[in-house]
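Note that chain A is present in both complexes that follow, paired respectively with chain B and with chain C.
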Partner chain A sequence: MAPSTLASPTPDAKQRQGFLGYLIRRRSYTVLAAAVVMVLFVAAALAAPLLYDWETTTRVALDRALMPLSAAYPLGTDELGRDMVARLIWGARITLVVGVVSVAIAMVVGVVIGALCGYYENWLSSAVMRFMDFMIAFPRTLFAIIIVTAFGSGVVSLILAIGISTVPANVRLFRGPVLALKRRQFTTAAKALGAKDSSILFSHILPNTMSLVIIQGTLSLAEAILIGAGLSFLGLGPQPPTPEWGAMIAASRAHITTHPHVILVPGLALFLVILSFNLVGDALRDYIDPRSRKAL
Partner chain B sequence: MFNPFSMTRRTHLKLGLALFASVALPMAAVAEQSFELRIVQGADVDTLDPAVSRSTPSQLVFSNIFSTLVRWKDTKLSELVPDLAVSWTKSDDGLKWTFKLRQDVKFHDGTPFDAEAVKFNIERILDPALGSPNRSLFSGISKVTVIDPQTVQIETKEPSPILLETLADEYSAMNSPTAVKEAGRAYSRKPVGTGPYVLSEWIPGQSVTLSRNPDYYGTPGKAGTMTFRPVPEASARLIELQTGNADIALNIAPESASELREGGSGTLVQAPSSFQIFFELNTTKPPFNDPRVRLAINHAIDRQAIIDKILGGYGKVPEGVFPEGVQGRAQQTAYAYDPDRAKAIFAEAFPGGFKEKVVIWTCAGRYMKDKEVAETVQSYLSAIGLETEFKVWEWATYQKTLYRAEEGGTGKGTNAANMWLLGTGITNADWRLHRKFHSSDASNLTGYDNPKVDELMDAAATEMDYETRMKVYGEVQSIVWNEAPNALSLFDQVQLIGIGPGIKGLEIFGDEIVKLDQVTKED
Partner chain C sequence: MANYIIRRLLMLVPMLLGVSAAVFLVLHLIPGDPARMAAGPDASEADIEQIRVNHGLDKPFIVQYGIYLKKVLQGDLGESFQTMAPVTEGILRTFPATLELAAAGMLIAVLLGVPIGIYSALHPRGAADRLVTSLAVLGISMPGFFLGLVLMLVFASLLNWLPPTGRGSFAHLVLPSVTLGLPYVATFARLTRSSMLDVFSEDFIRTARAKGLSWRKVTYRHALRNASIPLVTMLGLDFGRLLGGAVIVEKVFAWPGMGRYMVDAIMVRDIYVVQGTILVFAASVVLINLIVDVIYGALDPRIAYS
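And then the complex of A and B:
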């Protein structure tokens, strides 16, 4: 479905409308629900400061610790008396920021390096590819610990750790299409017309990989959120009193048998968000016609 | 087909029975004589060298490997009784103590225990090259003389009222001179003492195993082997106990305490503790260089709420720097929860507000609910308008960092933080005050420098009359509580220990050392 024309990036909005329409036609209501969850998640994260101020989210109030769900506290309170709804949506901000920025970094760096390695086939690109293989083999958690030791714990370290460790996979992924595309007629034609290498890469080849970027981005986002929560659970993320879903899960383990809502709220939220991103990403891939991924 | 090894059913049965009996009977006999005692605690052992150790989890382990000249008779610290020394006399001027040593005692490596060994050990801990953090406790000792292999004389610079108590402490344990000389810096991994147990294996981060010393001169230990494992998570320790993987679980979390109480596979043992948990304050830089501010901050937190909600009621609001059970306790009035007063004093001391961030450090898992309490304190400080920065440390790294002397600041330890969570459980009045409040002490991490306190403590150090000495310490306690504290006190800890079915005979001391060598296990 992706046309192999010269420099024609597919318009996003039209594609999205088409995507939603496609979902409705396919009657995949679970994916539609997942898309709704995604939108709600982003909306909640953006709206957090408007609904709850930082004070309410972080101020300890021991007299109302571990309260169950009620009208005043729709999701109860945590072990230090803070409103779970407030902590959930403020935590969504961190989750969203960490996810989006780390994927953005990984995408930009990965696509650029991958495209360059695909376009130029020489000893340098081979060396880079081998280095990427090495990086993939290096355990992510260990890498994250190294980053945190160097830069201190916090959102920046999380983003760096996840972003850098996702680059190698993206490099490998985007090298393939570029390798294939550069052998196509339109590339030879552009070269014959005297176009510079960079112009060919950026105006002709990369736009044809955009759909792959979108799909990979969505799926990467799900993974990044999961890893971010995991690292935060281990204590490598933002420090108290900043709420973060992984850290909230870690702190609530002591009360898992007596007050399960404290662990279920961030746990279910994490599960739903990651699942939604995965479902939507998969559906996107189907929408953009599986055949074309190879034809690209 | 003819099978030379075929057997009739009866022979089969007899053979089986014989095999079973040959395995089971010796096992049953062995089970009576020796069993494995398995203990889980929250932190790993950092060193097994008594002279340099600072940490209770390590002391718990090596107290079984070593003996001291004298020891406490019981957990109430009622009286000092002979151990490696069988009798002692004091000269008329009070400066010379002569000890008669027990005969025919050998270290685990075969070296005989004698007066030379005593001299070696005391001189070792006094040697600045060793870098013992406990050196100042022994600084009153001027000379050790060997009179004969069974008699040793210790001279002090001034009449010392606390010499005997010092010699009963874990740091005064007798190490084998041969082993120390041979191992050098590696001695902390290869301890050799005269105690009821010998170190059999130490896998760092995993376990320490001790096995019974058959040549011990005193009452033999009951367990055949003792295994100590570090399990940092309180809930994981409880699970180890409940699944039968451990016999004793130390420092049970308050929320688990109710689980144990209601039956289940284990019993909860509650014991008073001499541990008080506090935030030490860096007195060398703002905001805590001002004693008014240090006093103010003690009114900023609601301790009762912390004890009720976070510690599940297992704890006490501090009434002075000494909890109940510490020698010479002079009870003070608990600080009232008065955040407005705290805010007002802060405003007075820092007109325009204190703009810098207060750096808060805490450990996780060493003391009961340490991290959660620290988070709560952070919140109370934010409530009175302070900006904070929070950092959680793992215990071993935390200790190292705190005690690593940095340029400027306190000169004794780190200067990077404004406040750090710590606890102390020393039951002896002199050391407890000296370590934290005397300006010359190497363990005085806060840089506390109060000439009046120094004067009082120096006077008490030579006061031979017990009552008078305790009165002076009472005065010190009053000053450091009511006028110029060096810490934000949090709570007096309660010891919560879980023991498996059939376990009996623990002797629990107030400083959280548990004497384990007489513990029995019934099936």
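And then the complex of A and C:
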């Protein structure tokens, strides 16, 4: 069940067209819109400290609590009188950091273990794979909750929880292609020329999994943001007054009936960002490997 | 068959031993003194020491684990630091609610997803087919707690059709189970569709048609039965995910389930409660996988148990 055959070592002509051109040519306007949302999200996350200082984002001012949408506060204020725009933008920054760092951890660890388990087929690698299969069967949310419990609530433990709980799936995902690439002629050729195992693995096999890393990275980001927000909603993420989107929703829940905007603003932001990463990830997969379209 | 089930049940033992050891290790080596948390901010050192002795926390780690295991085998999962109530009792009180929620969510996903999948397999590239593909992306992108809150806002606050929180009547179950099951509808529909399409291209379908069976009979008797094997696999895996998702949905709807019991315990480092609930969650996941394997055999006699 090798998940998508990888791009051949020789780049084919279509690849040079560029992802953006591919989207325009295929009239994938939904995906283009998703790409715009992604860019806005990253820009907001990067520019957050320039737009609003931390003080404005977290200072309590009960006299202007729960204000509706207005010119002064385009998205209103929350139950403690804080500007929703400021909190949304700072929330984007926290979400991006949590997502990117946790996915980076999951990718590096997953690719390395997956590659080793695919390259060396022995009792140890099959034992590791057995263990990974067991971990995959265990619900991710619960797995992440156990890890958060161990490290205590906060951004760092949230990152570790998401990262570690993604590793088993990544190991299984990357082992397949490595197993297949190992049997390709260019690997045999490298071996015949006297290349060491490490050099075959790192300079011949791993570079060929890069397209899979990009696709999986984008889709993993969507899932990491989803799980991170869920854990924060449960109170296991960054603590108040940190404006994490899931935590914001948890804190404002009581006002959902009277002032729905306090829930809808962070909730829709979360939904749109996750949706965008999923749409762009799917489109990237179609672009890099058109054959996978039929798979499911 | 009976042998196979017994062997698999015996394999549960080392597996749960492993899970319990890992969880025990993690929860005991972490910073944050559970005795201090239980005693409260004003407690004296002597009080804290007393709690430590009462719960056996003063003993060496390996001894603590041994005592814990011995008690677990007798059905005693320890006592809560906060309420002094037995954890077994708490789990027996909350687990049925979680199971009810997860089962109802699963039922919604299957009852909606499978017929939609069959329909779009019979009409490939039709409107339903395209709709399902779009809905699948929406389903995996929607945070469960946000979906739950939006449903609560619309159906409980604005329309006043359903109770917003709590457990009791059937009406209470509707919103939480829809929140839990809805994101899986499209997943099941897609899987049903692709495995139905795979089966449709098999020789035995052509044979069945050639001997004069109606499409209806071929679809339901021959195709669906063979297509249900990947579906059952997915069902098993997703039931575990639903149990995990239930933790969040329970918090949204104040559903008195085991997920809430666990999360509340995590907040105050009530380690025996956390340990017990995780063990029960793990055991359920393993048991569900066993049930799935047994169902395989019933669906496909070619699968031999060895």
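Methods note: the second predicted complex is superposed on the first by the 274 of 296 C-alpha atoms of A that agree within 3 Å, B and C clash if a C-alpha of one lies under 4 Å from a C-alpha of the other, contacts with A are read in each partner's own complex, and residues count from 1 in each chain.
What we mean here is this: a contact is a pair of C-beta atoms (placed from the backbone, for glycine too) under 8 Å apart; a residue touches a chain by one contact, two chains touch by 3 or more.
Quick caveat: nothing in here was measured; it's all calculated off a predicted structure.
Colleague: In the superposed model on chain A, is it clash or fit for chain B and chain C?
Modeller: Aligned on chain A, chain B and chain C clash with each other.
Colleague: Give one of first, second, both or neither to describe whether A:253 is in contact with chain B, with chain C, with both, or with none.
Modeller: both
Colleague: Taking the superposition as given, does A:172 touch the first partner, chain B, the second, chain C, both, or neither?
Modeller: Neither partner.
Colleague: Taking the superposition on A as described, I'd like to know which of chain B and chain C A:184 touches: first, second, both or neither.
Modeller: In the superposition, A:184 touches no partner, neither chain B nor chain C.
Colleague: Could you look at A:139 and tell me whether it touches chain B, chain C, both or neither (first, second, both, neither)?
Modeller: Touch status of A:139: second partner only.
Colleague: For the overlaid complexes, name the partner, chain B or chain C, with more touching residues on chain A.
Modeller: Greater contact footprint in residues on chain A: C.
Colleague: One more residue to check, A:60. First (chain B), second (chain C), both or neither?
Modeller: first
Colleague: Please indicate which partner A:235 is in contact with in the superposed arrangement: first for chain B, second for chain C, both, or neither.
Modeller: Touch partners of A:235: chain B and chain C.
Colleague: Applying the touch criterion given at the start, work out whether A:149 contacts chain B, chain C, both or neither, answering first, second, both or neither.
Modeller: A:149: touches chain C, not chain B.
Colleague: With the two complexes superposed on chain A, say which partner A:274 touches: chain B (first), chain C (second), both, or neither.
Modeller: After superposing on A, A:274 lies in contact with chain C but is clear of chain B.
Colleague: Which stretch of chain C would you flag for clashing with chain B, going by 42-50, 222-230 or 276-284?
Modeller: Among 42-50, 222-230 or 276-284, only one stretch of chain C overlaps chain B, namely 42-50.
Colleague: Does any part of chain A touch chain B in one structure and chain C in the other, and if so which residues?
Modeller: 235, 253.
Colleague: Can you list the residues on chain C that touch chain A in the complex?
Modeller: 15, 23, 26-27, 30-32, 137-138, 140-146, 149-150, 152-153, 157, 190-191, 194, 237, 240-241, 243-245, 247-248, 251, 262-263, 266-267, 274, 278, 281-282, 285-286, 289
Colleague: Once bound in the complex, which stretches of chain A touch chain B?
Modeller: Residues 58-60, 62-63, 65, 79-81, 153, 235, 239-241, 251, 253-255, 258 of chain A touch chain B in their complex.
Colleague: What residues of chain B sit close enough to touch chain A in their complex?
Modeller: 234-235, 253, 255, 302, 305-306, 308-310, 364, 372, 375-376, 378-380, 382-383, 389-392
Colleague: Contact residues on chain A for chain C in the complex?
Modeller: On the chain A side, the touching residues are 134, 137-142, 145-146, 148-152, 222-223, 226, 229-230, 233-236, 246, 249-250, 253, 256-257, 260, 263-264, 267, 270-271, 274-275, 278-279, 282, 296.
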